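Going by the order they are written in, the chains are A, B, C, D and E; count residues from 1 in each one.
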């Protein structure tokens, strides 16, 4: 185990250096855009996995993305409220929403499938709400952020700034993950996941710790949504709220491995890269085929790598080491 | 563990990189970025047809020896997948990785709206082919976005104007007696058209009895129809994509909706033959639709010399290539607007400014002036300058109102192009006609 | 008739049975006793094919059954009465019995079998259209046994049939087990209530922490002082 | 110190506990017995707050605890083990005990120090005599070790009362002895009050000083072991009419 | 206003019939295989395309084409079980759900490759039923009657046949069912086949209502789920009743406000139900 940790440590340092250097080596703004998206989605998927790795599988994170993306954008467009502060208002609203939803779910003891189904419905409610208030939100076909190009409006002439913001956020998310690992919160949540009643009779306040991680996850997800909106400058219920986005976040985390800290990052990288690759390499020549291949690849990965790429990899390595021992 | 992961990441990066690396410029070739929603929800609504029309134009130009007889047009095709997120990525790839001077296309206004500022940022031409929402250009003062076809508000204005000119057919004298209902899908396209509808209705002093938006993905419009039934409109102005339009026609019939006239505004209504095929011909009978005149309907004798033949060749080639002798209007638009770019704007840029760089193309586009009838689309071309509120918009384009009677389309408005008098009110043989 | 030879059974990493061997002759009533969690239920589940042994073999009437699927084993003539009278609570009593005769061998004679079963358990006949979930614990146990009999088994395995039942009902259940023996069924019984069970059994095994620690005729069990103090009640 | 006051617990229409009352004095060692399904575990669930009683109240140190959440009751000083051991399988043995040590005491979470919590867990593991790598996962533990882990975890919350639920079931001879010794040790060295639900009578009867007998949710006897074992009602409940 | 609401009420009842039809197959799969079939709406879409092709391209009479379409979807159900569900039977629930969600991408684009992006419909002129000012949509009325007949047939199948009994037993207690001699694999195949055929049946009833395109299915799955879970997973009668509740509530709300608000109300009802009674309307506690 020691050996793995050591390699892991150096590996992460190298990875970090590469990630910092990348935008200076690759100058294509398209590739930079893809890389920024990867980091942004990695951040969101990591935040999602905070909950999922303790058995709270939410299929409704779209609502937090949506709140994070829409509120600052709309406040800016309507009232010229600077996103520098607006983002935090969005995050606060998302956290408040999470508090209401989470408390209701946990109070009534919704677990497993029921929790997943309720959150799925919540995701759909988020998209429908955007559509129902189409006069203010732009409805089903989206909403564009007013461009000013001013730094005070969080708009940068060099789009790579967003790459680094996303990178810092991702590093932050990984750091928080590690902190959770070393804190009693992990003990509490692991115990709660396996047996709420056993945990409670050892003095763990079930609702408090579940709420804690839910609020954290929702807040960070909203932050990711806000950043996405600022970066892409265009939001729509299809791209940043609703069931589709919620599921795609799960996909990224699960394919990468939601129990390992870098799993969501690896998953996001592979899914975004794969999607781009199949579309560009065969997109226009045989319409629809690229998406079929993408879908089948996802299917195969889910079937054959149920623990995700990082999960299966670390399992394989530890088996190998055990055999040597 | 980390190492392996790193290797995977780098390998994937290389994979992706290698795809983009292949783009190498060659002499005497002009790379044209073509971006349409060829899959996804917008594909059947017209994204695919627009692409097909564009490809016929490219073939024809190449058959004539290329742009100004010198540059072969090499289309770089990308699929927007009806998803704004994907289209932004593809637009960026075309403009930066493929480094094309011009990206043309997009079906949906929702995709055109975020793409236009990107063209501005990379200083590449964005040649809008189908998306009609005013919001694409309005008040944005864009330098690099050009749009040949009319704007959504022109769509919205033309039907109301036509009805206003035909008040006597409703059996009433004053415009204030006409009861109008406006229903529309809630995207930029629908809301653009509907806003113009309402503006004109107000201007003429008509009686707006109802307006309601809905999502084009809806699977039930019965509540809307109930509301329409109690509003009892004389005229229903409808803007929608395809499935919602079919749903509307079918449900309205079954729920016994009666009115005096139904008018659609492009997109879903544009493709009357397909609508008839999918929903039943009698439902579409006597329905109005606004669009640029479809090629097959144009009076070729009224076009400038040569253009009539171009239209004929387009129709022939389209039928050969796509086995369809009645191209939808989106194909016509795709063809005509691409043709104007390749046949008029680019040669001028080459002649006057010496190259095909985006800036030369831009200058040429602003210079160009084609009178009415000078293009295969029928209308002329003159782009609004950057200081204009609609900068980049063709100020000489206009749509026509056509009416489908017994499966045949005729132009009902404007008067100058009229091929038949509009049939108002709906006769008794229409399922919506008042008996 | 049944020959369980040297099997090891695991739940994930946890070893539930270690090198367990059990033999049953035709017509015998054999009992396995042992404390809670010793692996008694696991033994029955493994024979029924619901759990796969990692090592060893199980033969029934000369055929290997340890690699068969559960439904094949039922068709082969072994039927399990699960712990706590685990019936299908939302099915009616009638449907529960029909499920018992689901296997191809039992289906054709299900019609003739039913009256016999109802004769044996008159209370089930009265409640035939009730949901099984509404039965009392004892009735459920009856239903579970009746359901197994519908399958036309040659070996019937009962998993703690007295568990959680009132003393009077427990007596009834044991009476019934006795009568099954008279009818010629081979019975494998797992029980904590060793006192009563030993009275109806021919042969007995004692299992402790997944291992067989003692076996013999039931009279021998009565004589063994260790067993008496450790497991035979107060 | 613990007072069960006319407690009734209904499930659906069936009463698992019917109007049960008894008190447990400070420092006493009480056996709670009865045949399967007599409501012993339900009693523990009610005391520890897993579910509230349908009627009646429970007092601990003169404070009503019925209706409080399990974690609050744990903080009051009542710990329990489970009939079916519930180790947290994805936490190591030491971490399982740390759970009790860290969360069982109200302020401990705030002063969390991983090293100290680990040391404390080690001490409790030693106390119960669990001789295995504290950093291994509990997946492969034997029944006896699982029981010890359960007890170590419960003791780590430093309770005043320990509710021990069938800590002997599934154990072999040696383990039986060890497990009952732990209870004795907890009582003698830590001065703990213990309520013990058990099926293996010969061990229980030797150790406890008082026995409470439940049958079908009704309290049918309460007294010294010797007395109770002669009680006609109890014998009938256990053995049926012989 | 009153008349509007009355119409909405009637409309809601009929809509309930359509929704009930949608819910049957999903409910069966949910109840027996315990898998959330995310791609169910896409199956309906496929069924629609099959019927369209059989009728329009192969010139098979419509009713026969519908029957063939239903059979073809049964086959697709079996394939789904074989290729997607079997390998995932023991996987975590989330993985099953996501695998079926990725099936959405595959099926939708497969449809695009095979049938193209165009909208396809079979023009049918349904009779107009009118009572004074009240119009009843005949297409929905047929679906409504279809739902009742289907429920009846399903009831007979589940209650009068050994196979049906096996399905119910597996749904309740998989392990015990195995112990009773039921081969769950066979039951799963039958269930998926029946579920697939039911999606084909829904498609047949949709022919007079909708036009089909590759993304046609997406809007149906979630509402079907809400109905299934609201009524009690695996409880056909519960699903049937809840379809009418949801149908009426959404229809009336939509007339009073908008379609989106109506859907939000339905979803909130569902969320509320999950909190108070997670086993659903007629479901039983597990």
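In the analysis below, a contact is a pair of C-beta atoms (placed from the backbone, for glycine too) under 8 Å apart; a residue touches a chain by one contact, two chains touch by 3 or more.
Because the structure is a prediction, the values reported are computed rather than measured.
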Inset, instruction - Based on which chains touch which, give the shortest step count from chain C to chain E. - result: 1
Inset, instruction - Give me the chains shared as neighbours by chain A and chain D. - result: none
Inset, instruction - Give the label of the chain whose average Cα location is farthest from that of chain D. - result: B
Legend entry - Centroid distance [mean C-alpha coordinates] between chain E and chain B, Å: 36
Legend entry - Centroid distance [mean C-alpha coordinates] between chain D and chain C, Å: 32
Legend entry - Distance from the mean Cα position of chain C to that of chain B, given in whole angstrom: 75
Inset, instruction - Spell out, as numbers or ranges, the residues of chain E touching 2 or more other chains. - result: 109, 112, 117, 214, 258, 260
Inset, instruction - At least two other chains touched by the same residue of chain C: list those residues. - result: none
Legend entry - Contact pairs between chains, per stated definition: A-B, A-D, A-E, B-E, C-D, C-E
Inset, instruction - Using the touch rule from the top, collect the residues of chain D that touch chain C in their complex. - result: 36-37, 139-144, 166, 169-173, 175, 199-202, 205, 216, 229, 236-241
Legend entry - Residues of chain A touching chain E in the complex: 52, 57, 59, 104-105, 108, 110, 112-114, 116-118, 120-122, 124-125, 128-129, 131-132, 243, 247, 250-251, 254, 286-289, 291-292, 294-296, 298-299, 302-303, 306
Inset, instruction - Quick one: which bits of chain D touch chain A in the complex? Just the residue numbers, please. - result: 48-50, 69-71, 73-75, 79-80, 82, 86, 88-91, 95, 98-100, 102-106, 109, 112, 114, 117, 153-154, 157
Inset, instruction - Could you please specify the touching residues of chain B with respect to chain E in the complex? - result: 38-41, 43-44, 47-48, 212, 214-215, 217-224, 226-227, 229-230, 242-243, 246-247, 250-251, 253-256, 274, 276-282
Inset, instruction - In the complex, go through chain E and note every residue touching chain C. - result: 162, 165-166, 168-169, 172-173, 175-184, 284
